[in-house]
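Structure first, commentary second.
Here the chain labels run A, B, C and D in written order, and each chain numbers its own residues starting at 1.
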Amino acid sequence: MTAALTMRGVRYRYPDTTDYVLDGIDIVVQPGEWLGVVGATNAGKSTFCYAAMGLATEFFHGRLIGEIEVLGTEVRRQTVIERSTRVGMLFQNPFTQVSGARERVDDEVAFGPENHGLEPALVKARVAEALQQVGLSELRDRHPLDLSGGQLQRLALASLLAMHPELLLLDEPTSQLDPGGTKELFEALSRLHAAGVTIVMVEQKLEAVAELCDRVVALAQGRILADGTPARVFNDAAVQQQVGAPIYVRLAESVGLPSPWPTTFETAVRAFNA
Amino acid sequence: MPDLRLEQVTFAYPGDVRVFGPPGLTLELKAGATALVGENGAGKTTLTKLLNGLLRPTTGNIVVAGQPVAERTVAQMAALVGYAFQNPDDQLFQRTVYDEVAFGPRAMKRPAERVAVAVKNALERCGLSQEAKTHPHDLGLPDRKWVTIASALAAESPVVVLDEPTLGQDWAAKGRLKALVKSMVDSDRLVLIVTHDLDFVAEACSRTVVLTRGVIRYVGPTISAFADEGMIHEAGLDLPSTTRLGLALGFQPVPVGEGAFLRAIGSKR
Amino acid sequence: MPRGLSIYAEGNSALHRAHPFTKGTLTLVAIAIGFIAPSLAWVIAVAVILLGLLTLADVIRRFVPVALGILLPITLLLLIVQGFANPANRTVFFPLGPLSLYREGLAVALLAAARIFCLISATFLLSFTTRPADLAEAMMQRGLSPRFGYVVQSALQIIPQSLESAARIRDAQRARGLETEGSLLLRARAYLPLLLPLVLSSLVATQERAMALEVRGFGLSVHRYRRVVLPDTGVQRALRWFLVALVPLAIGARFAGWR
Amino acid sequence: MGLLNAFKLRFSTLGIVLIPVCIAIDWVGHAIATSLKLPLFLDSIGTILGGILAGPWVGGIAGFITNLISSGTVDPVAAPYSVISLLLGFAAGIGGYLGWHKHPPGWVALWLLCFLVASLGSTPFNVALYAGQSTIPYSDALLAALLKAHVPMWIAAYADEASADLLDKAVTVLVAVLIYQGLPRRFRSLFRLYEPRDDEPETTPALSRS
C-alpha cells in the first residue's frame, strides 16, 4: 500500500533566511493513521504542514532539500491546486478560511467542488454529506459569518471534506477556539478517522493529542525528537522537557508513581487508583 | 490598594439589546487575580468595557481604583485600567515591539524616562527583551499576544484586564503567564482575566466570577466555584483536568490546581 | 442581520424577477436619456417613469428618504452657486444686492438636479431589486472571469467585516490612551493608529486566505457549471434591445431640435 | 519602453485576494476620516497602496470597484467617477513600478501624479453633472468667485476640483507610503504582480516564524 505521506531527509528554509526551519525530517505516515505533531512554538510544526501540502515550495518558495511524497506523488511534481482534490489542509484561523464570496453555509462548502468543475447534482450530494459529517446540516442556510468560531472551523473542515480528501493536514485547528468549539471539532475529526481518513494534526493541546492520536511526532528545532505512540512519546524525558506532556504525566511524576506515566484521563484514573 | 466596585449596573446596546437588566450587576473586587468566566454571550467583554468607559452603563455606578468612571474619559481611564484585548491584531501598528509597547504610556504623556523604564520592564517580564526591535507582525500570533500583554503592563495601571490571554499559547507560555500574574498580584494589582481556560484559572486565579446570561452567578474563591460542577457546565465550561481527575478518584474536597491535587493525593496515602 | 454590503430588498415584483441584465440595461439607458434630454420637461418625464418603476417594485418608501438625503444638499448647493455665479446669468430672480440669485443660473441648477435625480433613482432601482451576487453571476455566465467575480463578491462581504474590525480597533486604541476627540491636530494624529492595525492584519490574513483558497481549487480554469439559474426570456431580451435602441433615438431627437 | 512591463498581467491568487482588502481599506480609511471629523475624504488609500504593492491592475481594479460598490449602496453619483479611481490605481502602480514610494522625492512625484489624475479627470464629470461644481462647499465658493471674476468656466471648474484634491491627495499618498514603510519587510515584495525591472533582483516572499 502507498504511504499517505513520506519525508526523506527533508530540510527547508524560508527565503532570505539562513536557518533551516525543518532540519532533517524522516517520516512515513501510513493510510488511516491519525498522527499528532507536537512541539514548542517555532519548532517548525506549521512549516511541516506547509511542506507536505506543497505550499512551502509553491507559495513561500524558499529552499527544500530531500524528498516529500504525498499519496505516492513527489510534492514538486504537482501544484497545490492539483493536489487539492486528494489532500485537504485546515489552517489556524477559521475566519481567513471562509472564501468570503458566499452567503450561505452550503454555498460555501460548494465552493471547492465547483472550482473543480463537478456537476451540480454531485456538488449538492457532496455538500450534504460534508455538512452531515461535521454536524452542520441544521445551519446550512445561515450566513457563514454568523457562525461561532468553532462552527466556522467545522465549516472550513466540511469545505475540504466535500472534495473527498484522502489526507487531511491540520495546522493547530483549535488554537483559536473555545473549549466547546474544540470539543466539537475533535468529535468531527474522530468520526473521520473512524471512516478511514488519514489525519496529520499539529496541536498544542497535549491532553487531546494523547487521547485521540494513534501516533505522535515531537518536533524541536526542526528535527524529530521522538516518534511513536502517545504513551511512549510523552514518557520521553526530552519531550517532557522541551515540548511538555499531558498534565497527568506531570502529576504522576510529582506523586512518584513508577513510569511509564499515564498520558490520558482513563489511564490516569487507573494509575492513581492503583 | 486598588479595588473595583459596580453598583446596580445595567446596560443595553443601542436598539435595546439588553445585556445587564435590572436589578443590575453589583460586584466588588480587591487586589489579586480574579477570573471572569461564563458562556459566549454572557456579557464578559461588555462588563470589562464598562470598567474603562468604552461603554457607559444605562444606570448604576462604577468605581475603579477609587475613581468614578462616569467622570473620566476613556483616555484618562487608560492610566487606571491596562487592557489586553483578545485579538492582538486589533491594536498592533508600530514598526517595532518597543514602540508598540511604549504607545500607551506615550499617549498618556508620561515623562520619557518613566516610559523607558516601564517598557523595558514590561518587555522583560513578557519574555520579549530580545524582540524589542522586531516588527510585531514578524512574530507569530502567540508572541503578538505577548506584545499586547506587555502593552497593558507598561501602562503601570492598578487594574489590568487580560482577555483570553492563554488562547493559542503553548504549555511553556502558560507557565510564564502564570508567573507574570503572580508577580502582578504581589505588587498589589488587580488582575481580571477573561477566559474559557479553567486549567489556567485553577493555577493562576484565587477568585472567580461566574457570569451567565448577564447575571453574576458566583463571586468568591475559585476552589468553591469549581466544586459546583453544575454551575460550571451551565456556564459552558469544562472543569480543569486536575479537578476532573480528583472527582473521578473520589477526593474530598475536590482539588483545584496541581498543588491541591498533589496535597489531596498525599493525604490519601 | 444582513452580512454582505448590499441594499437589496427581498421582493417579488416584476423588477425583482427580471434578469439582472434587463435591469442593468434599463438603468444605463435611463441615465443616458436623462442626460441626453434637452429640456427640464423631458428629464422630468424620465424621472416620473423611474418613480413609477420604483413604486411598482415596492421600494419607493425606502427610496425616498435615501434619495432626498443625497439630493437635497446637492440641489441646495447647485441653486446657490449657479443662481449666484453662472456665466449665463442676466435676469435677477431674487435680489440680494451683490449676492442676487439669477433666473438663468437657477434654471441650470434645476436641470442638473433633475438629471442627478434620474441618475440616483435609476441606480437605486437596480440596487434595490438585484442581489449583487446575481449580477456578478450573470456577468460570469457571460464570460467575466470567475476570479473577477470573486473579487466583487468578496469585496461586498469584506467591507462590513472591516468596518466591524475598525470599531474593535477604535476600542483597543482608546483603551490604551488614544484621544479621538479634541483639536483638529489631535484628531488627525489618531488617524494612523486607527487605520494601521486594520491594514496590517488584513495583509496578514491575505496570505492565509490565499493559501486556503488554493487548497480549495481556486484559480483552476476548468469548465464550471452555472451556480444559479437566472431566468431570462425572449421578452426580456427583446425589451433590452428596445431600451438600447432608445438611446440613438434620443440623440437623434435632440439633434433634430426637440425641446 | 519598460513601463509597459508594469501592466503585464501575472495574477496570482495572492494578488486576487489583495484587491478586496484594498477596497476595504478605501472604505475604512474614509469611515475613520469621517468619524474623526477630518475635512478630507481619504477614500483612496487602499487604491494607492494596492498600486504600490502589487502594480497598476490591483490598484486600478480596487479603485474601480470601490466606486462601483459605493454607487450601488450609498452614493449613486459616485459611479461615473470610477474611471478616475481606476486611473489613480494605475498612477500608483506606475509610481510603485518606478520605485517612487521608496524616497521622499518620489512621494512628491506620486502626489503630483495622483493629484493631476484626480483633478483633471474629475473636472469633465463635474461639468457634465453639476455644471462645473465639485459639490464641496468651500471649493464651490472658489468656483463662484472665479466665475464672478469672469474666469472661463472650464478653468474655474478645474480650480474648484483642484483646490479640493490638492490636500486630500497629499495626505492620501503620504498615508499610503507611510503604511508601505511600516510594513514588515516580507510584505513589501510579497504581492507584486508586475514583471520586475531589469535593475532590481527579484526577491521572494518569506513568512513569519511559525
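Please note the rule applied: a residue touches a chain if its C-beta (ideal position, glycine included) is under 8 Å from a C-beta of that chain, and two chains touch if they have at least 3 such contacts.
As the structure is a prediction and not an experimental result, all values here were calculated from the model.
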Pair of chains joined by the greatest number of C-beta pairs in contact: C-D
Greatest separation from chain B - chain, by CA centre: C
For chain B paired with chain C, centre-to-centre distance based on mean C-alpha positions, whole Å: 45
Averaged-CA centre spacing for the pair chain B and chain A, given as whole angstrom: 30
Intercentroid distance (Cα basis), chain D paired with chain A, Å: 42
Chain B residues counted as touching two or more neighbouring chains: 93, 137, 140
Residue numbers of chain A (touch at least two other chains): 42, 92, 100
Shared interface positions of chain C, touching two or more other chains: 150, 154, 158, 161, 165, 192, 196, 200, 204-205, 209-210, 213-214, 218-219
In the complex, chain D residues that touch chain C: 11-14, 16-21, 23-25, 27-29, 31-33, 35-39, 42, 45, 49, 61, 65, 69, 71-73, 75-77, 79, 128-131, 133, 135, 137, 140-141, 143-145, 147-148, 150, 153, 175, 178-179, 182-183, 187, 190-191, 207-208
Residues on chain A engaged by chain B in the complex (per definition of touch): 40-42, 92, 148, 172, 175-176, 178-180, 183, 204, 206-207, 243-244, 247-248, 250-251, 254-255, 265, 268-269, 272-273
In the complex with chain C, residue positions of chain B that touch it: 49, 52, 54, 73-75, 77-79, 81, 83, 85, 87, 89-93, 103-105, 107-108, 137, 151, 155
Chain D-facing residues of chain B, complex: 93-95, 135, 137-140
Touch list for chain B against partner chain A, complex: 40, 140-143, 167-173, 196-197, 199, 236-238, 241-242, 244-245, 248-249, 258, 261-262, 265-266
